[in-house]
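Below are structures written as structure tokens.
The following pair of complexes shares a single chain, chain A, combined with chain B in the former and chain C in the latter.
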Partner chain A sequence: MIDISKHIPIILIAVPILMAAIMVFLKSSPKLQKSLNVFVTLCLLALSVVLLLRVWTDGIIVYEVGEWGKYGIVLVADLLSAGMVVLTLFVSFLSLVYSLDYIEERSLNSTYHSLFNLLMAGLTGSFLTGDIFNLFVFFEILLLSSCGLVIANEKGGVTKASDKMEATFKYLVLSMLGSIVMLIAISSLYATVGTVNMADIAVKVSAMSAAGTMPWHIYPIALLFIVVFGNKAAIFPLHYWLPDVHPTAPSPISAMLSGVLIKVGVYGMLRVFFLMFRDVLPMFQPIIILLALVTIIIGAISAIGQTDVKRMLAYSSVGQIGYVFLGVGMGSVYTITAALVYLVNHAFAKSMLFLTSGGIIHHAHTRNMQKMGGMIKSAPLMGAMFLIGAMSIAGFPPMGGFIAKFILFDAGIEEGFYIPIAIALIFAVLTLFYMFRAWMIMFWGEPRDFETYGEYSSHALSPLLTVPIIILAIGVIIFGVYAEPLIALAQATAVQIVDPQPYIDAVMTRVVR
Partner chain B sequence: MTTLITKTITKICLPLVILFSISLLLAGHNNPGGGFIGGVMFASIIALMYVVFGLKFTESFFNPDWSKWFAFGLLISCITAFGALFVGHNFFRSAVEFVHLPFFGEIELVSAGLFDIGVYFVVIGSLLFMFKNVGDDR
Partner chain C sequence: MNNTLLSLTIAILFGLGTFMILRRDIIRVIIGLSILSHAVNMLIVSAGVFDGTKVPIITETHGATDASGTVFNDVLAEGILAPVVSATTHIQYVDPLVQALVLTAIVISLATTAFILILAYRIHEEYGTTDIRELRRLWG
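The block that comes next holds the complex of A and B.
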């Protein structure tokens, strides 16, 4: 029969697309839909772990779609893409389990499962593809499916439909603009080097650079890619759509958007700049560092003033992605290791916080923190979980966030970036302030005025809601207490990113039939 | 839009355009044509029918669930692409077969054609699903 282990990269992309089709036919039997989707996602998660282990032991895996050799579309699984796929599918699986009870039945049965599968396909596809135009296609898939998911209704309905429409429209228009910019960048790159295979582009650009015939428009193309991935990852001048979109989405989808989707921008930046444009990279490093610092400042200051819990978390995401880009911009093996560790920790902590905020909204029937208070008595589990997440984001010792911040600052100081690290450190203190302020407003003090705002919900949260949060919380603590495996993996990944020769060799030495 | 002229023209065009869209679909792969433009052509004539005869009247005799068409096409395309795995090749590997028929001469049968048929249904389903939902008064 089929040797599945040979085809893992394409299975991770194609099976979600197949499931999206099957889910439309299963509309009439919601139970089967739910169980099948959860089961298949769990299988995909297991397969992605197998893929990561195989890449770890055997080196980079290249898969030729349609057996066209390097002239067709190749899928490349190196440590970065395989690791990101594991992270994506892990967060997706937990969000999916959470959404089974959180999303309103009508939204859930009609399109939710199909769109969720397409979103997963888009994410795994953009991580695994080795072809820059294919990356664009998968960006479109994940953009359109996430737009559909943002307008799904949650039970109870705290967000008005008009708000959702406004946020989705903003997201759609801005992402479409980003897509157009990306298309322009890719087509001008194609016109310059005559290929869309990333490894091939890398070879040709460095050959031009070595021969001294690099055309000037490689620089604007690289700048356009900063705009594209900056838009996806919401760094400074293009961050303003995020605090509208992430809070209005239902909580499991916010967890997906903040936990994984904005990391696609970081991934794209690492892939494009450290593989294809590594000869022009030194010119862009100061730009990335500057944008990262402004992002940190804007995110931290804006988060302080928020009264809406999910909006506060969304602004915090903006600030935190700045730290990741700071590590990326400094560009040595150690700083990229730190950026990757930071990325994984933020993905865990922020998806957990968004899922927890879903539980809090379920409990208090509002997103406004001023209308909460004293919930530590009525919802102790949510209080504990929010505290764990807040401690991780703020960088408190037993949690993963502490290790991430520590090695990021250590790496920065080792590389001699004293002023950027000083700025980042000052605004890390602000992170501490806004996370704990939110926690104290919501969980400490007197309970809210029940006559004005109504009682807290009395019925307990179902295990479908609490178990994913607890699993993520355990992950956050493990990354803090026993961080060595993660750091080792991140370091091996960073070595592969900084020296892309194995990647190029793996792709370019394919035999063409 | 419900004048006699448009109604008559639509009635005449309907079978012609559908046949032409199928011929475009089958001409694909090597000649101009293919699943996408065939599907767009099919969707456009159905959309014209919706506009000319009105959504309600058309639904009274012709009311398919377009999202099912979309899913059906996606299913065909996926299964075609997965088919290559079962014969020991990579995903999306296409098979070609030349067949001699007594009347038509030599015909090139490619498995990519099946994929194109899937694309045809995906395009029809998605375009008309959107068109119908946006045009609906609800």
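The block that comes next holds the complex of A and C.
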């Protein structure tokens, strides 16, 4: 009997890949397909929580694939990885439950389940891997599977097929360029230090830095990594694909993309800059802060002018990821704590808003907010849920977003970054404006002109759609009312990020067979 | 000397690829992307060519009798494994790891290229053109 608890990291990656294959074979029995996928995802979620608890009590867990030590592929679960995996699988599970009723039957049956599993494998893999080239491979897995999922059809067909094709084409071309840039960076790094293991690279780069023999091309390599992860996270010069792709994707996939997938960029930035390039980091902090601020400004201003509810949410994602990068760029323990708290809160609130927007679209049969209005009477639940999400994104006290914004600004002021915090604060007010503008247009006022646009759907939403939204809403409120555990976890994670020595020790002190 | 030629080839391929992805035709953009990914593949392979002492895995003393504990220091009772040359001969080593990496990269670029070609076909069906400037139904 294999001791499962020792093999959790590989199970979290291998089982979704296996499931992707099984799902193709179960095409003929949709019911079994659905229940099996939901069950396995729930098990994976439970396993990831076990992993996080074990990392919390026993320290960093290193899993060698094939017992080659640092020469082979290692999976490393520290608090950041394990926490991100829990977040990913939680949002994935809820999105999956939601999509059972939301995605069109034929699309769901043929490819959706497989691609969804591959997306989960790509996400958990990129969080857990301790090898920079393996990170590239998992990036490609999640890129291709998310492209396939963006094209999946939802019931009712609000989004035209041509829009999906166009958005996917933009996303794919930009991401392919991003992965080409990443390969350039990895191969130059390999040619410089002769290893692709992240901990090993960290040791060698800091040894070179201590000896004063750091080659100049470490700096351009680090810049290339900013391009790569900036492309994934959609920060300023590279954000143009996001407002096209996130709205055209079906709502549960938008929730995955906005809730988790753009966080891969943040994760990569934390991993690469605070582990591998921590000696050259001071030079890049101002760059990250500047890009973050421009991202905040662009996201907030663009979101104001939108009439499409999902497009508004997508621009809001662009703005909010800027706040996370602001915390990352300031680079002390407290600011990274704040960035992580912000990241979790944004993941919850934005996934919830996208799922809610799916319900709203289902109700109104359009994405255009101008063609909605007065829906508070016909869809009170969606109204309440959208309000909770909007309050959290805008940073209103009882919600998680308030705590996140509060400690981010507090951390920034404590570190003495007055001007960036002032700019971020001004645009936080704009966040308030566009979120509540959207809510008021959609839910208050007179109902729309039924003769021109048709009646609202009287079809009640099934529990499969409402329960995930309500669970996320409860999460958002809990993070606002009782935030201490999250902050404690984020702080422990930030300590590990700023001082990566335990990570390096855990990976490097392996016995090579 | 060989390396200069190699670097020049890689540089030209990068230039060609960049030129192609700036074209207006979707198919040319895709060809540009494949050229770029091949340029990257060559870059990765070129990162594995080492001269003499800077070899990452196999050491100069390879095959010597000292069992220094390195993974690849197989001696197997003097029946020396791996590079079948005597330890005194000076040769250019090629790092085997980059070739594994490049195989992975090639497979991945195959998959993405296949996907994007099908996407281009569907775009042609939907829009009736492969001119990339016509793809502006979404704006922003």
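Just so it is clear, the second predicted complex is superposed on the first by the 513 of 513 C-alpha atoms of A that agree within 3 Å, B and C clash if a C-alpha of one lies under 4 Å from a C-alpha of the other, contacts with A are read in each partner's own complex, and residues count from 1 in each chain.
Going forward, contacts are C-beta pairs under 8 Å (C-beta built on N, C-alpha and C of every residue); 3 or more make two chains touch, one makes a residue touch a chain.
A quick note: this is a predicted structure, and the numbers were derived from the prediction, not measured.
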item: Partner chain(s) touched by A:7 [first = chain B, second = chain C, both, neither]; value: first
item: First, second, both or neither for A:48, with chain B first and chain C second; value: neither
item: Chain B versus chain C as contact partner of A:18, first or second or both or neither; value: first
item: Chain A residues touched by each partner, larger count belonging to chain B or chain C; value: C
item: Contacts of A:190 with chain B and chain C, given as first, second, both or neither; value: second
item: Partner chain(s) touched by A:167 [first = chain B, second = chain C, both, neither]; value: second
item: First, second, both or neither for A:65, with chain B first and chain C second; value: first
item: Chain A - residues contacting chain B, complex; value: 1-2, 7, 10, 14, 17-18, 20-25, 63-67, 114
item: Footprint of chain C on chain A - complex, ascending; value: 68, 71, 133, 137, 140, 143-144, 147-148, 161-163, 165-170, 172-173, 176-177, 179-180, 183-184, 186-188, 190-191, 194-196, 240, 243-244, 248, 302, 311, 512-513
item: Residue ranges of chain B touching chain A (in the complex, touch as defined); value: 67-68, 70-72, 74-75, 78-79, 81-82, 85-86, 89-94
item: Partner chain A, residues of chain C touching it in the complex; value: 21, 26, 29, 33, 36-37, 40, 43-44, 47, 56, 71, 97-98, 101, 104-105, 108, 111-112, 115-116, 119-120, 122-123, 126-127, 135, 137-138, 140
